[in-house]
Amino acid sequence: MKPMTKDRYEIRFAGSGGQGIIMAAIVLAEAAGVYDGNYVCQTQSYGPEARGGNSRAEVVISKEAIDYPRAVQPDLLLAMNQAAYDTNFPDLKSEGLLVVDASLVDQVPTGRIVAISFTKIARKDVGKEFAANMVALGAVAYLTQVVSLKGLEKTLTARVPEKTEKMNRKALHAGVKAARKVDLSALPHFVNPEDEEV
Amino acid sequence: MTKEVTKLIHKYLRHDKKFPHVWCPGCGNGIVLGALIRAIDRLGLEKDEIVLASGIGCSGRMPVYVDFNTLHTTHGRALTFATGIKLAKPSLTVITLMGDGDATAIGGNHFIHAARRNLDLTAIIINNQIYGMTGGQHSPTTPYGCYATTATYGHIEHAFSIAELAVTAGAAFVARGTVYHARLLDELIEAGIRKPGFSVVEAMSNCHVQFGRRNQIEDPVTMMKWLRDHAVATEKARKMKPDALEDKFTIGVLADLEKPIYTDEYQKVRDRAKSLARQ
Amino acid sequence: MPPKKKTQQTAKQDRIANKPRASKHKQSGKIKELFNQVVFRDWCKACGICSAFCPKKVIGHDDRGGPVIKRPDDCIGCRFCELHCPDVAITIIVRDVESERDRA
Amino acid sequence: MRTPSSKNRRLLQGNEAIVEGALTAGCRFFAGYPITPASEISEMLSVRLPQVNGTFIQMEDEIASMGAVIGASLAGIKSMTATSGPGFSLLQENLGFACIAEVPCVVVDVMRGGPSTGLPTNPSQGDVMQARWGTHGDHPIIVLAVSTVLDCFDITVQAFNLSEAYRVPVIILSDEMVAHTRETVALPPVDRVEIIDRVSPSMPSEWYVPYEGNSRGVPTMAAFGEGYRHHVTGLVHDVRGFPTQRADEIQAFISRLFQKITQGFYEIQITKSFMMDDAEVAVIAYGSVARSARRAMSDAREQGIKAGLLQLITLFPFPRRSVESVLRQCRAVLVPEMNMGQISREVKRVNHFACQVEKYNRIDGELIRPDEISGKLAKL
Amino acid sequence: MRTPSSKNRRLLQGNEAIVEGALTAGCRFFAGYPITPASEISEMLSVRLPQVNGTFIQMEDEIASMGAVIGASLAGIKSMTATSGPGFSLLQENLGFACIAEVPCVVVDVMRGGPSTGLPTNPSQGDVMQARWGTHGDHPIIVLAVSTVLDCFDITVQAFNLSEAYRVPVIILSDEMVAHTRETVALPPVDRVEIIDRVSPSMPSEWYVPYEGNSRGVPTMAAFGEGYRHHVTGLVHDVRGFPTQRADEIQAFISRLFQKITQGFYEIQITKSFMMDDAEVAVIAYGSVARSARRAMSDAREQGIKAGLLQLITLFPFPRRSVESVLRQCRAVLVPEMNMGQISREVKRVNHFACQVEKYNRIDGELIRPDEISGKLAKL
Amino acid sequence: MTKEVTKLIHKYLRHDKKFPHVWCPGCGNGIVLGALIRAIDRLGLEKDEIVLASGIGCSGRMPVYVDFNTLHTTHGRALTFATGIKLAKPSLTVITLMGDGDATAIGGNHFIHAARRNLDLTAIIINNQIYGMTGGQHSPTTPYGCYATTATYGHIEHAFSIAELAVTAGAAFVARGTVYHARLLDELIEAGIRKPGFSVVEAMSNCHVQFGRRNQIEDPVTMMKWLRDHAVATEKARKMKPDALEDKFTIGVLADLEKPIYTDEYQKVRDRAKSLARQ
Amino acid sequence: MKPMTKDRYEIRFAGSGGQGIIMAAIVLAEAAGVYDGNYVCQTQSYGPEARGGNSRAEVVISKEAIDYPRAVQPDLLLAMNQAAYDTNFPDLKSEGLLVVDASLVDQVPTGRIVAISFTKIARKDVGKEFAANMVALGAVAYLTQVVSLKGLEKTLTARVPEKTEKMNRKALHAGVKAARKVDLSALPHFVNPEDEEV
Amino acid sequence: MPPKKKTQQTAKQDRIANKPRASKHKQSGKIKELFNQVVFRDWCKACGICSAFCPKKVIGHDDRGGPVIKRPDDCIGCRFCELHCPDVAITIIVRDVESERDRA
């Protein structure tokens, strides 16, 4: 795994409540922070009810103490549905990386984009649609290299209920696998072959 | 009533508000919403005549959706606002909609005093036995031994019986229903609104998300079945042995008394005051 | 505020049974009344209540828990589904065979 | 009680004059909970309101009282409560509701010694900052202070007028001294008193936008049951009254709440000047202390000190302009208060001048005497 | 929850760090009522306290919670509650009791948008002045603001220490941003943290005078049931704890309440300076905004602006000395806040210098961004 | 007990406080003070073990006079402070002393929740049916039709039955006595304190000054006679017809149940918490 | 009746709760204010309970609007018992008039003093000890001439319950009568003959 | 704080019956017990309760309502007065004729 090169790396996950957006961010933050030894800062915002509605979580990873806790301009945006993409895309750094769930984002945008069908992979390969968050996390980890897979795995052991650990680990690996197929250098536009099958 | 149920409901909804509503899939609050509207429709009340006041909680979100004079007060205080409204304009039909926490935790005092005072208000309490909105902390109706985010080791307090409390405090009409027994709920709410004086309708409801999840009932269907299987009609309960009623609760009308109504009484005070002032 | 978008919404409705069926079964001597079960998909949250409690198994469910009208003609119009749908998303309408045929 | 009518003069207690003021202003609903030294307001209104088809109710506590007051106002009736420190603390949450939902109402706080149960039968001015900041979240509010029995009448009418005009709760700060002092006053006949009522909508109900401010930033207000069905909430809401989390709507809403007050400064910020024309030193005072200050000022003048007095009727929004002009003019200003120094902080905040601002405080439950103030003045 | 122990580093939420801080400080009693965004504090303490023989109880409301907290403290146990705006408003009356009866306790207010129900899931700094002035009657109190997750730990420990040392309630102001932000922190082992406990009487019980201040003005405190029977009341009381209406005793008592705090200013008033040595313009900030300010300051420095930052940890008693030295040194000072300007009023109050004080406010439920602050700085 | 009654009372008084106490001549509060002390003496409790917490009101002044750990809280909140004390130090005997307004108007919610929760506290409520201290405004127990400074035209609200409310809310022990029946009151208070769990002793008392004066009973003797003539022993009442009980109230023990006690339950929570943490 | 000559005349009544001190002050204030057309200001202070304890009431009478509402230095002090005398005497203006209830003040002080047995007169002449306040008021009115007897009588009609009006009027007159026997010029020390009989 | 001024207070007490009486009446076959009724005047507020309810009219009252012990020997020691005195101002003490005589 390549070491993190930037001083401050900003990640935003966006989707709808119930997609596990915040949990994915927490696992990422804990892995990058506790296991990989970075400074991390994880924040989120949500509607008044914490059920349904939009959900957004951010992780800032840095080698130095973090002042402003939010993403100033995300280096990476993960959009888990169309609405999430629409609202959050304008904030993305110009050279930033956009990752979308190809199963749920219809209008494929222009720019550096990685579209992977996280939800579909979760359903098919993991057997649980709600594991899409971990599939996405695996992909993000692989694509950004800001966090170690080992760290993620350890975190899972610590954070998630024992009975779901195996499934989550599986999802993580499925995400990594899907991301491996992505050739970042072939961007700005890329659609993951998994998606082509549809 | 049986025909065109949904259509008549739409007549009372605020369609410029974002539907589907904010509640979780299968949440009992939606069923109570339907029952309330059907009751009002049967009563033939004008929308302008009705005030629906709620407190804070998942249940407290209901007024947003209905096209009456609606009021979303502070946590626990719906009955106090309602008291002011009713006294200021007795011609209005004032209904309060509260959660179990709202009505009997922070709002418990207003609840028993409203019952004592006997103003012509209708208090509908959605009892889901938990604080839904804030994330599943135990409420005054959470049963002993259950789990909640603030009762991780099992709840050690005992639950209020909301309806029974209302009876002792002096409410003129008290009833309990469930969201499973929807037709009965329609009727109880209708009777409650019709009744002059303070009426209480406790609606046992399901919060499978915050209550169910922590108590091995993850879905609305199982919770509704639980409601179905643990409710006993008041008439039937009277003939049953206490033992058999142990884990049951009664549904139906618990009290229906004739008591002088506050606004009538106050009109007499006005008359007395004026005649004394004239002397 | 009166519901102004009514027609729009009606248009949106998921008319499961949109062609008239002439299936009049004789049952216990009198003509059986038939019903349409109309699900308003935009509001349905797939909670599973309607399908779980339908006494005649008229309503099944898809893999997300959403209602699938399986045996529309078995519906007895008890309206359990309609009364218990927390999202005002299912409507039972008496099937007016004549008028439907006219429109067809 | 049979009262004499010779030349319309009456001996009234401060609390009684507040009752008269409220009735004159059109208050027809009172909900309260007894507390020394405010109880007489409840008691007298319990007698008077039913005589005029109004309603008095004693609630189970001050929280409930404030709730009922808001409810009655939403139903179109001018309403009020009266309490003292402990009750004033309790009703703060609901007072915040009145702020955010823009419900006109008047809250009288008859100050006694505090904190906590404190000194129930002694006067104090300890709740001044609380009246401005007592409820959570940033909110605009109007706070008026009474000083004489006649004030109690006049300012209560003013309070209702401002409350109706701006759709904002108005706090009247009285104190045990003012509340229980009896003076002869001649109250104006009702038809000579200017009364302002909230503006009701006149447009067709479909056009009614309940939280859209007019040119003064104040929305028209429909009473429940008059055909303008709308939603009232303590959540931040959009112009239609429905909850919003959109930053632009939040911004617009909260700004309007403040702007309607800011735009009305000229009308809202009431002060009285005494002998300020040639003053070199001044006293800035309010409430019962303003009476001592007036005497002290006369005494100081007799001793050859060019003293003046600025009496604050409006404490919040802080009457900055009037205070600044005093600070600009005078060599020194004394702010005597029956607290540790609350309004003196505000005076200091706006003091960008070469003026020396001194405070004089008494916290032992006794009214500051004129000689204490004049003594201080002499040393400035 | 199984937590990793590698090098003692943990990913904690602000609310979680407050829990850790409280437990480390010796807090063994919590009474509370759930409210967003403070509920996690209740929830986590309901799990943790019984593990350490402590007690958690969820009460029927915030008034009851505050009452129970005071009761537990009187019985000798360090205790705390946590809430947000609406609950903070409700508990003010009992908070005043803690002030007058000098009962050590800690109250966490996790600020959300207000007033009233407001914006339950958005951060704000709207309760700052309320924290100082929310209860009736003049009273001393300590208010601390947290800004990072580590702060949440450290300052909670500080809060308990100050509360015990001065027998005064201490308010911790957090906000939704700080509360829900997760950061990796390495908490110090319990034995490395300085813990202060109230001083218990050691004299024979007949000699115990419960409200006689020591040299620092703080009375020793006997827990109920330890043989020092005494009377505790919310009325103004004499040194023995019994109600008094004697002006001299009242004066002595209230003065001591304030003096004990004034004497401790050096210890109580905590601030942090960043790049202030050569600063020509400065930001004065606190809470989550201080983080944005820190970034803004760095950015401004990169643009060649000699900017500095004074971060206020203690908001009240207002750290006048530190602020004054910034005002003395700088050409201009910017006070960014997520309210309409509360601490900026205090800064202006103590500004007797040639410094320009500007405020920058955001009230839409969003954290102020660094670029907003640096943009303003550039224009000063 | 019958010997040296006064002497034993003096043992518990704070003689450095100014006696005679603040109460009006003949006020029932003084009689309850005696009953409380006699009960404590009979129980043989140490002064140091006892906490007496009151709210605000005439009755609320009692703690000043007795030589225990004493606490004069805010209006209506005595039970909340008591809850904290008891939980922090369960070995203490915690007694609260409240007025009718204190306990059931502003403090009504804490009252019913304390009953529900079943902490081992004893709540003595001096019910004089009026707000004594603030000058005779009606309280939640002022009878219908009576006069008060805020009920000049006759009271139109209905009174709570404090003891009955406590029973429904779940109190483990509930009793009612009067200041006329002093020996019984001694016993009821003694039993209340002895009872583990939440106990309520309602003491009907006379405020001839604020209540009596406005209701044609100007002196303590007449009010005490009224108490004597309208009290019916619970056992006797059970055999009486409802009609005959119309203007009567019952005295004696109304409820005495075995319920798990909060502090015991919480100790189990601690044990569970520790064993789970160890896992 | 002589017109009031001073611009501001300050009166303090002091006694114990239940003696009707405040009622006497109110009647005086109303008479002087409403009927005689003066500016008046009546204040009082009392303990926390309004029962027992010390009670003190003041009336300021002036031809001009009254600023400071309290007595700066009373022109007249009425002390209805020993404690009231002890606490309040130091405040009295040096040339001020001291009136005491000779039945309840034992230690006859020095200075300009009028001692009349108000309580005894009330008991004997009016038949009600608690009418002492009105007896004292009558005497004070006569001695100071700051208020008209007619005004006092009218006020009584307005303020006191009808059934007690006659008694109160009687008490007032008894007070006037007792005061008539006083020769103010014979001060500084004077004891009313009524008292001598004891 | 223990009551330190006990002796002082006892000294203050208004000993109505301060000289021993030897009046032993025979009643229902056994020697009738006698009692002293001690009123502590400093605390007594003359409420009238003791005199109104004394079953044997032992206590009368003066014109202000204060207790006057009229028939001390009729006292049956029922302690109604003592139990109901709101001011802890009346004490019933068994008359110890011997010791009182000694002291006399």
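Which chain is which? They are A, B, C, D, E, F, G and H, in the order written, and residues in each are numbered from 1.
The definition used in the following text is that a contact is a pair of C-beta atoms (placed from the backbone, for glycine too) under 8 Å apart; a residue touches a chain by one contact, two chains touch by 3 or more.
Just so it is clear, the structure is predicted and the values come from calculations on it, not from any experiment.
Enquirer: For chain B and chain E, what is the smallest step count along a path of chains that touch one another?
Expert: Contact-graph shortest path, chain B to chain E, evaluates to 1.
Enquirer: For this structure, which two chains have more C-beta pairs in contact than any other pair?
Expert: Among the chain pairs, D-E has the highest number of C-beta contacts.
Enquirer: List the centre-to-centre spacing of chain D and chain F in whole Å, with centres computed as mean CA coordinates.
Expert: One centre to the other, that is 39 Å.
Enquirer: Using Cα averages as centroids, what's the distance between chain E and chain H in whole Å?
Expert: 60
Enquirer: Just the number, please: Cα centre separation of chain F and chain G in whole Å.
Expert: Computed from C-alpha means, the inter-chain centre distance equals 43 Å.
Enquirer: Two or more other chains in contact with one residue: find those residues in chain F.
Expert: 14, 16, 23-24, 56, 67, 72, 74, 105-106, 108-109, 113, 133, 135, 140, 153, 266, 269, 272-273
Enquirer: Can you pull out the residues of chain G that are in contact with at least two other chains?
Expert: 47-48, 50
Enquirer: So which bits of chain H are touching at least two other chains?
Expert: 1-2
Enquirer: Chain E touches which residues of chain B in the complex?
Expert: Touching chain E: residues 56, 72, 74-76, 105-106, 108, 131, 133-135, 137-138, 140, 149-153 of chain B.
Enquirer: List the residues on chain B that touch chain F in their complex, please.
Expert: Going through chain B, the ones touching chain F are 105-109, 112-113, 116-118, 140, 153-154, 156-161, 164-165, 167-170, 259-260, 262, 265-266, 268-269, 272-273, 276.
Enquirer: So in the complex, the part of chain D that touches chain B is made up of which residues?
Expert: Residue list for chain D touching chain B: 28-29, 31, 47, 50-51, 53, 55, 57, 59-61, 63-77, 79, 93-94, 97, 223-227, 229-235, 240, 242-243.
Enquirer: Given the complex with chain D, which residues does chain B contribute to the contact?
Expert: 14, 16-17, 47-49, 51, 53, 56, 63-64, 67-74, 77, 79-89, 91-92, 109-110, 113, 266, 269-270, 272-274, 277
Enquirer: What residues of chain E sit close enough to touch chain A in their complex?
Expert: Where chain E meets chain A, its residues are 1-4, 6-7, 9-11, 120-122, 177, 180-184, 288, 291-292, 294-295, 298, 367, 369-371.
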